[in-house]
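Letters A, B, C, D, E, F, G and H mark the chains in the order given here, with residues in each chain numbered from 1 onward.
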Amino acid sequence: MSETKKTVAILMGSDSDLEVMMEAARILDRFGVGYDVEITSAHRSPDRTRRYVKSAGKRGTRIFIVGAGAAAHLAGVVAAETTLPVIGVPLAGSALNGVDALYSTVMMPAGVPVATVAIGKAGASNAAVLAVQILAVSDDVLSEKLAEYKRELAKKVEACSRETKKRALKS
Amino acid sequence: MSETKKTVAILMGSDSDLEVMMEAARILDRFGVGYDVEITSAHRSPDRTRRYVKSAGKRGTRIFIVGAGAAAHLAGVVAAETTLPVIGVPLAGSALNGVDALYSTVMMPAGVPVATVAIGKAGASNAAVLAVQILAVSDDVLSEKLAEYKRELAKKVEACSRETKKRALKS
Amino acid sequence: MSETKKTVAILMGSDSDLEVMMEAARILDRFGVGYDVEITSAHRSPDRTRRYVKSAGKRGTRIFIVGAGAAAHLAGVVAAETTLPVIGVPLAGSALNGVDALYSTVMMPAGVPVATVAIGKAGASNAAVLAVQILAVSDDVLSEKLAEYKRELAKKVEACSRETKKRALKS
Amino acid sequence: MSETKKTVAILMGSDSDLEVMMEAARILDRFGVGYDVEITSAHRSPDRTRRYVKSAGKRGTRIFIVGAGAAAHLAGVVAAETTLPVIGVPLAGSALNGVDALYSTVMMPAGVPVATVAIGKAGASNAAVLAVQILAVSDDVLSEKLAEYKRELAKKVEACSRETKKRALKS
Amino acid sequence: MSETKKTVAILMGSDSDLEVMMEAARILDRFGVGYDVEITSAHRSPDRTRRYVKSAGKRGTRIFIVGAGAAAHLAGVVAAETTLPVIGVPLAGSALNGVDALYSTVMMPAGVPVATVAIGKAGASNAAVLAVQILAVSDDVLSEKLAEYKRELAKKVEACSRETKKRALKS
Amino acid sequence: MSETKKTVAILMGSDSDLEVMMEAARILDRFGVGYDVEITSAHRSPDRTRRYVKSAGKRGTRIFIVGAGAAAHLAGVVAAETTLPVIGVPLAGSALNGVDALYSTVMMPAGVPVATVAIGKAGASNAAVLAVQILAVSDDVLSEKLAEYKRELAKKVEACSRETKKRALKS
Amino acid sequence: MSETKKTVAILMGSDSDLEVMMEAARILDRFGVGYDVEITSAHRSPDRTRRYVKSAGKRGTRIFIVGAGAAAHLAGVVAAETTLPVIGVPLAGSALNGVDALYSTVMMPAGVPVATVAIGKAGASNAAVLAVQILAVSDDVLSEKLAEYKRELAKKVEACSRETKKRALKS
Amino acid sequence: MSETKKTVAILMGSDSDLEVMMEAARILDRFGVGYDVEITSAHRSPDRTRRYVKSAGKRGTRIFIVGAGAAAHLAGVVAAETTLPVIGVPLAGSALNGVDALYSTVMMPAGVPVATVAIGKAGASNAAVLAVQILAVSDDVLSEKLAEYKRELAKKVEACSRETKKRALKS
């Protein structure tokens, strides 16, 4: 799916972020939304980052999902160069365990927002759900898929509860 | 403008949040995006909150902007009831000065994202910019307005720098 | 014991919380207080959560014990729907290691309290002790059992000290 | 009302805590629950604290509400001496602004819970609501009053929203 | 040495604290200062704690070293019952990793100090050094031993540097 | 009193710390313990600091009380140069409001303790009480004064409670 | 002085940062080091920021001093575009009071350092001292000026101590 | 290389810091900058530390890189004794995981800066890059090497992205 139209650009600062950020890719696959995956650094490859962002429109990108840890400037730097929605995923990994990345990603100045989600895997996966929600604002097919996804979430909780209850009360 | 189509729903938990959250309204006015403003609490008026969210689609709402302080469950509670994008604005006001609201708003579990922005006024205003960016994904007029807005931001910085430089070097 | 009257409802957001929350069940077993165990999520299964809370009175529930991690809205969401006492157990598990869940659980707005206990296992076990204390306000048998429990706690410390002292002074 | 039966004991470590803790008294007055107010310190008057707690049963006390700031040991010290429910209100006031008091109050070891509520005024008022909820477990009149109180909370939010909306949309 | 005069009382809330607190015993052994080791809890065995503190003078105790984790009230509770110096060692172990114990131990109200040292093993060992420093205020033999200890610390650093330098420059 | 024997040296890094640190002087005055007051900086006047510490023994100093804010190295630097007990008072004043000074003062490495007390005024006053407790280890007159001081603390709480109770129950 | 050679570039993200950052200018004036003052934002004027940094070499800039608050990406963004030393001054101003800016400025990834100083005015003034120290590595005149400055710092402490001592012992 | 001219002095408080601090040595080796490695403690060997700093000029040292954990006074103590640039590397290792060392290192008072870099390995390696940047202010050969290093950083990101992309899109 992802080879076709690359509606979402998944960026991250380092290949050590890949495992966490692939949670986003898995969700986009499920919804049939195409994506690109790119490693680029706000600090070590600023020109490349800018060129990628500036040319993203031509590749059909509508939304950025950006994961970064520690000082975590990447999402903000992307947001500075585009008017497309930028979703930031703060990543743990430094001694401060993601609090640094969270503050760096979310505390953006007025005029240049980054839509920040949770630290780590839950955040990466939610970044993709949020991206689908954004696309679904003008896409009824995606909108219905989201409704279906929401019903499944609820069903899974119910199934899980039944299983757990059995174990809990028997133990 | 806001009397017409209410594309964005601005919710907050208490009237003490109003001053900060009106920053969002000001930005939406500038972009000509209609909105509704509602006080409703996740904890004190849960039925009303749910009814409002459930009926928002009928009123034409495409995006929620939700401000809340302290335990700040409101954005998450709204996100639980809708598949529309929910933007959360953590508000200071408790003894923990917004860190509580930030963690409560951003650390959502996989499946139910809240797009979190900065604590307080910068966040409220950015929530609206983000809402416009989301709408602009499928609206070229808004998209061009955003590009114009970005150019203005840059021009203001330049003007401000000229002024400041004069003062700084004279003083 | 727990098959009979389900005086306490032990809720949690995910089956990964089960091991910690069963500390509460163990304490309730010791005091002969019946309980129900249920997995339900504030965000992924909001309707189910609400139905469970609303119907709890009919099942004889007098107290809720609610464990949740990360954004940890579950205890607050339960408290919004009931006037029964709600005890919240913040759980570690996110990158913020339970500080997020603690703030989310304890910083409730005026009118809708959550009785918050410690993060993790000590908290889960204390949630059950607190539930017994609440029931004992109008139950002299439980009240005497609590007095006995308190005497045992003191005796265990004394026995433990004797053992430890021997080891410490010999080593 | 409070001169009669003193069902709730409101304790605090210093008279500088009085203004905040009287929020609890106001709620108890509203529900017609009698209370005692006492200043006693875990560290400066430990004998007096212990005597007060030990004799509370004779005065008809069923629940303790304890406010303390900084090291904030008072609630834990009370809980060590009684099997009645102890509700702890962490108070701001030190340079750490209540985080110290929150951690000290909530992180109790297994066996001796303190039911912790929010830092400051919201917490003091919620301590009283929680006390009423605890009493209501075996008191249908209080239980009905709580249901009425919950309905009022919702109505107030609705009234407040109407007022605010007018102002917001006119401004 | 420690069987004879028990000048220092080493207290801790749980036997899980023993390994860390024995660092204090090792230092006292080195300086030939006798000590007692006792497990007693501020919350689970308050009477025993008080009796121990009250009778410590008769056993010749001049200084308390108190280790505790989580809510960590033990040092404060001891300080409330004695005018002897109380040294508090905050212990990690809860989800908050010792920040809770640090705040609880150090933020004592005016009139009742706890001399707080570092979290964990460095703190336990320093508690003993501090105890020796306190005794040395009126004991010239201990005072000279401390001077010797300080010279040894410096020599060890020098020896360690020589070793390390070799390895570092060779590698 | 303080002109005579200067048993305690009160040091601080800046004259802006004076108001807070004079709380220590007031307590020492009450107990008739002589003291010196000196401004000296670990970073701006390191030679002077060292000379002062090195010559303190000759002036009869037995204990150091050291207040410092922000990086707050002063207490540690003094402890590096003496074997006398060093009491550290972390001071608020930087943007981090004393957390920085607390961590810097308390987290000393094994071998070189600083007896840390609370941030700010309560800490400054407790530093002096702790100094008196240390001196009282070998001074029965001071020891009796401390016992009297403790009784007064308890009496003041009692008197304060009586007053407050009247006001609280009348209002 | 600053009209001549602009060896240091003082950048900041907003004119609200000017008052704090002028502390750096005052220090540079004292050492006779020329500087430029510029407002430019990492997020609102990224092109201007990059152009300024890229052309700084031609203007004779050898060092950057960069102040920024909240997400505070500016110092990192400058460091990404230059190999000159970049000194970052984290500024308070958001609800997180500078902790956000500190983490964002200091936690840079390997390869692209920002030399971070204290939050706020002390940091701004120290950024300039550090800049002078860097220039003095190859400038003996500045090096001697720094030695003189250090002697003055020590003298001021001494004078301040004399004054304070008088007041303290008289009061 | 490092046996020859020792332009940079790498200091650390303990040999347990060696592994992290050798990241700095590796970078200096790459740039052909000579260095010395020394273990010395601010608190356990203060005389040795001072002598080393005072004599560093004679050995040709132009810059200090100082790693320290916990209370982490070493960089500040070095900065107090020299006018050369001091780069501080906060190290994790205590229960506070480096936040203590970061605050202690960065929050220096006006007049005595420490150029602080990230906690741990990224910081140690960046300390060396910063040292090279400082030397390059007056050394065109180093300046060109830095430009080459920056280009390599960017190339590595690009190569890494190509590799990662293949794996990510194939998986």
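Going forward, a contact is a pair of C-beta atoms (placed from the backbone, for glycine too) under 8 Å apart; a residue touches a chain by one contact, two chains touch by 3 or more.
Given the structure is predicted, the values throughout are model-derived calculations rather than measurements.
Chains that touch both subunit B and subunit F: D, G. Interface comparison, E-F against D-F: more C-beta pairs in contact at E-F. Computed centre separation for the pair subunit A/subunit B is 19 angstrom, with centres defined by C-alpha atoms.
With each centre defined as the average position of its C-alpha atoms, the distance from subunit A to subunit D rounds to 42 Å. Spacing of subunit F relative to subunit G, judged by their CA centroids, is 34 angstrom. Centre-to-centre separation between subunit B and subunit E, using Cα means, comes to 51 Å.
Looking at subunit G, one finds that residues 14, 41, 44, 70-71, 94, 96-97, 99, 106-109, 111-112, 118-119, 122, 153 touch two or more other chains.
All chain pairs in contact, by the document's touch criterion: A-B, A-C, A-G, A-H, B-C, B-D, B-G, C-D, C-E, D-E, D-F, E-F, E-H, F-G, F-H, G-H.
Across the complex, subunit C meets subunit A through its residues 2-3, 14-15, 18, 22, 25, 37-41, 44-45, 47-48, 70-71, 94-97. Within the complex, the subunit E residues that touch subunit D are 13-14, 41-44, 46, 70-73, 76-77, 79-81, 94, 96, 99-100, 103-109, 111-112. Considering their complex, residues 92, 97-99, 118-120, 122, 153-154, 156-158, 160-161, 163-165, 167-169, 171 of subunit B touch subunit G. Residues of subunit D that touch subunit C in their complex: 23, 62-63, 83-85, 87, 102, 106-119, 121-122, 125-127, 129-130, 133-139, 143, 146-147, 149-150, 153.
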